[in-house]
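So, here come the structures, one by one.
Heads up, the next two complexes both have subunit A, just with different partners, subunit B and then subunit C.
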Partner chain A sequence: MTFELCVEQLLNGFQFGFMLFLMSAGLTLIFGVMGLINLAHGSFYMIGAFSAAAVSAALGSFWFSLLASLIFASIAGVIVEIVIIRRLYDRDHLDQVLATFALILLFSESVRWIFGAYPLYLDVPDILSGSLQIIGGIYYSKYRLFIILVGLLLAIFLFFLIGKTNLGVQIRAGQHDREMISALGVDISKLYTFLFGLGAALAGLAGALVGTIQSVEVGMGEPVLILAFVVIVIGGIGSIKGAFMASLIVGCVDTMGRFLVPWILMSLTDPSTAMSIGSAIASMLIYVLMAIVLIVKPTGFFGKGLT
Partner chain B sequence: MIPERSINVVCISSLLIFSLASHYIGEPYFVTLATRIAIFAMAAIGLNLVLGFGNLISFGHAAFFGFGGYVSGILATHAFNLEPILDWPVIFIGTSDSIVIWIFTIALCSVFALVIGFFCLRTSGVYFIMITLAFAQMLYYFAISWPSYGGEDGLSLYIRSSFLNIDTMNGISFFMICFFWLILSLYLTSRIIHSPFGLALRASRHNLDRVKSVGITPFRIQLVAFIISGVITGVAGSLYADLNRFVSPSLLSWQMSGELIVFIIIGGVGRIYGPLIGAIFFVTFEQIFGSYTDHWQVFLGLLIIVTVLFARGGLIGFLSGSRANE
Partner chain C sequence: MFKLIKSVIVLIALVTTSAFADGHKLKVGMITTLSGGGSGLGIDVRDGFMLAIRNNDNIEVIIEDDQRKPDIAVQLADKMIQSEKVDVLTGIIWSNLAMAVVPAAVNQGKFYLSPNAGPSALAGKGCHKNYFNVAWQNDNLHEAAGGHANSSGFKNTFILAPNYPAGKDALTGFKRYFKGELAGEIYTKLGQKDYSVEIAQIRASNADSVFFFLPGGMGIGFMKQYAQSGIDTPVVGPAFSFDQGILKAVGTAALGVKNTSQWSKDLDNNANKIFVTEFKKEFGRLPSLYASQGYDTGNLLISAMKKSSVKDADAFRQAIRAANFESTRGSFKFSSNHHPIQDIYVREVVKEGEVLTNKIVSIGLKDHSNAYVDQCSM
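Now for the complex of A and B:
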């Protein structure tokens, strides 16, 4: 094992972490402000990826496909919020889980109906293909660096939006006392629709960005959704700061685990056993991490008590 | 309005009559369908104990369903291949005797539910939903990446496990075994719900502080309920493995957990027979719409959304016009 490989894996972990952040930021805001558990968040990730693939096939432009993912995912989010989600805010968690579970069935099956069951592929644009030399002779994929950069910029944007703007004040106030801020003349229902659309747009962009390195297929959103749940449980539900830290931790632990656990086991047993046992253990690592965090602090790093 | 009791009696007897009739007119496919309904209903009855009566929304009960399935699958495979599971301290080559398999399933599922419940019940509300989901996913990914028992491809069983002298490969005999388990789990749930323990469990969903103030520890009550619930769902999983003679990680998937919740909600939350009616409805719906289009899940999704938004008592509530017995 070399130092270069370690750095590369660590960067992969960061790239994965920033993608998780785009997913979990929307999820944690929606839960924190509206008190809604949204299983259908993974569907926006999928919608983003598919609309990017469709636009990229039609226009051949990567940048337009990214824009399309933002637009279509946010439109889907806004429509779903107005038609269905709005009626669920006052319901208990069971109704929310079930209705959003039904939305996943609806979206996944509709997308399979429209696009067929075969995976689609997106191309990396020329300017971002190939690799770049970073510190000390280490080369790293330009596209993955681009993802890290986008994630970082959006994180800064979100912190600015929530911490420094008027809208952010309303969002933070909404987390504490919904009735009070509507009594103060804030149109709470518009705020909710906006937030839901914003969350969906971020998820859609994440889907398009990741869809370019992996493949675009039905059901791609749910594994990421479950990881995003792990992230917001670790970070504390409702906290953007928590979601940011936990995303990077989960991203790095997962990536490094898949790489290091088999390597460590290899010194104990023969390589093929080490690979199979190692990958089985590595796939469970983040869930173990979550269990440990919950034992030490049942509300996550930045959680504010149970609901 | 039909009394809830009559709806229950009609449902359970129509399932029995349907399978017997299908057997005598020579339609083994429908017998299998009825067996599936019985098994799914039993799995959801297990979940209903914590979800319906304890308000603990477990989104990871597929873990128990799949765990039960793998326990019986692994025991039967070893018995068939004559490869010992254990060499030391005793040689144990697995078994294909249903009774022994059920005892193992019950014992292992209780330990498994104890461990998961111990961690999950430290949290509540939305954290509980997510952590149960995460535990189920953990097992799912483990089953996929662990190569010894088929990994992603699953594990095929050559023959159903034996039960006394009954030919379990005969559809209707196997249905009767599953039907017996279904009745047993319905009876057990009903006894539990009306016992002092059940009263404490139902009270803990309403007001935790009051339960504490009369000297009951909610955690213990909930943990015991979680274990019983996991065991019922686990035995259902073991029967499901036997029915299909196949176990795969898809039994552990989060879609499975979601479907178990769907059975309960469609039937009606907080009703002992709710999961049965939900399972009957779900499987019938799948058969009818599935024969028209591969994309029947679109309609299922729409139906669930309408049920959640407008018909909150589920089918039983709709037919009987009554609220759930709290």
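Now for the complex of A and C:
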């Protein structure tokens, strides 16, 4: 156990955390502002990744593929909002869950139909490949640093958008009292469409960023969606600040747990038992964390509770 | 040369069709992984198997996708046994799925021919007279990799594999032959896509080599991220970590890597030459070891059908055990616990024209059986 290892794992935790943030920012806004449980958010992640893969195959450019992921995911988001989601705001959560679950199946099967069941693999652009010496013996993958940077910039953008702009005021107001702000002359349905598209675009970008170093396949969004729900529950529903903090905490707890728990157990028992028990415990850690947060603060860090 | 091979194939096709004019009918249920990160393996096994039996009208095959989920595999097996009434089951790629399906299937009197998964539990105490593994016992390729790590002079190896039966067999097999120290030992999650945590530990471990067993999409993810990390510690592994599907996605980062396999496309025997040529012609890609395993399974089945009807279970079992078919691996016979006794080769990743592929450099283990023969009382 060295200092360098800890720093590198912490960076891994941040990278994972920022990716979760891109996913959960949209989810928490949609949940908080519109009161909608959107299970199909993982599908936008997948759509982003697949559109990046398609554009990258056609044009060979990583940057265009990132742009494509934003554009296509937001278009998909806007269409879904206008055609389907709009009818669900006044329904109860069970209807929303059923309808958005149906969307998952619809999107997964259509993507399977267009792209096939075999995973696609993207290449990291030359400028971001390899690793960077940060200080001393600490090296870190340039691409993962790039993900951290993109996550950080988008977090700043979202804080600015929500906190400092007119639009942000409307969003925050909508969170508190939907009817009042429409009575004040704000076109609430346009605001909802915009928010939904924004959330989808962020999820799509996360999919493209992660798909580039992992793989692009049908159903890739759902495991991330589960984690994103954990994040927004811990952070407090509707709060960007909460989602930001909870993402980083979940990312770091999961990453550090995956190597620290087996390492601690190894002093108690032989390596292979320690590894198998350790990885089992490590994969439960974030859910344990969620349970603790829910016991201590049922509304999450910055949540106001659902009414 | 091509003309000659072609005419040989036509001849074989003619001979086999005529031999089956009054042959025995048989129904095969194939449960394999055709979607998600493990689909490359299942698709290759299916294509290899179908290539072997394509001219055989007496075999009816039902193919279903298990999505690498044990519960779905169990449902499919129940459906195939109860409503489809298949005689032989095959196709499962992943050992955790095999453990969920095989014992129940063979206890209901069905034959199971494994084209891939060979968990130690089914080779030792859990062996069964109706279970045959046509590929290998899980430990085999890793044992050869352990031996190869010794002869390469590696003294301090970092080992990792997914946390499921085949992953445990892999590390057990490697450790059985490897004489050096372990710089670290990690079990990852099956289907894991991000290996940043493990790669950081490899970097910090000061290992002189890395042994990893990560089949399918897991191997692609690991190798791509390993190459990105800037670590230059050499890697060794079983063929599963460097099969044709992985090499295509990983690219030149894998060039020169040594891996161990019971099969290679350049194995010099007649059955293999026909297989490689025909596979390329039919599917437009190079075959992998999984495809060769599917192909051998198909041919083993045909050889047994020539001798006996599947309705006469004892005679049919005897016919399978005889393994009287031309394997793509050259000589092929079963050990007493129904797993292959075969040579395991050391291969190297090379570039042939524009394509990355494997080439045999030496024999790792000759006439290699498995460590569980004595535990099986059959």
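Methods note: the second predicted complex is superposed on the first by the 305 of 307 C-alpha atoms of A that agree within 3 Å, B and C clash if a C-alpha of one lies under 4 Å from a C-alpha of the other, contacts with A are read in each partner's own complex, and residues count from 1 in each chain.
Keep this in mind: contacts are C-beta pairs under 8 Å (C-beta built on N, C-alpha and C of every residue); 3 or more make two chains touch, one makes a residue touch a chain.
These numbers were taken from a predicted model, which means no experiment stands behind them.
Applying the stated contact rule after C-alpha superposition, one finds that A:255 touches subunit C and leaves subunit B untouched. After overlaying the two complexes on the shared chain, residue contacts for A:99 are found with subunit B alone; subunit C is out of touch.
With both structures placed on the common chain, the touch criterion links A:112 to subunit B and to subunit C. Touch criterion met: A:298 reaches subunit B, while subunit C stays clear of it. In the superposition on chain A, contact of A:180 is made with neither subunit B nor subunit C.
Contacts of A:153 after superposition: neither subunit B nor subunit C is touched. Shared-chain residue A:58: touches no atom of subunit B or subunit C.
Once the two complexes are laid over each other on the shared chain, residue contacts for A:143 go to subunit C alone; subunit B is not touched. In the superposition on chain A, A:279 contacts both subunit B and subunit C. Comparing the two interfaces of subunit A, the one with subunit B and the one with subunit C have residues 112, 276, 279, 283 in common. Listed in rising order, the residues of subunit B touching subunit A in the complex are 51, 55, 57, 59, 119, 122-127, 129-131, 133-135, 137-138, 141-142, 144-147, 254, 258, 261-262, 265, 269, 295-298, 300-305, 308-309, 312. On the side of subunit A, the complex with subunit C involves touching residues 1-2, 4-5, 8-9, 12, 15-16, 112, 117-119, 121, 123-124, 129-131, 139, 141-144, 210, 213-215, 217-219, 255, 258-259, 262, 271-272, 275-276, 279, 283. Only residues 31, 37, 84, 87-88, 91, 93-95, 97-99, 101-106, 108-110, 112-113, 222, 226, 229-230, 232-233, 237, 276, 279-280, 283-284, 287-288, 290-291, 294-295, 298-299, 306-307 of subunit A touch subunit B when the two sit together in their complex. Residue ranges on subunit C touching subunit A, taken from their complex, read 34-37, 39-40, 43, 65, 163, 168, 171, 182, 185-189, 193-194, 196-197, 200-201, 203-204, 217, 220-221, 224-225, 227-230, 249, 251.
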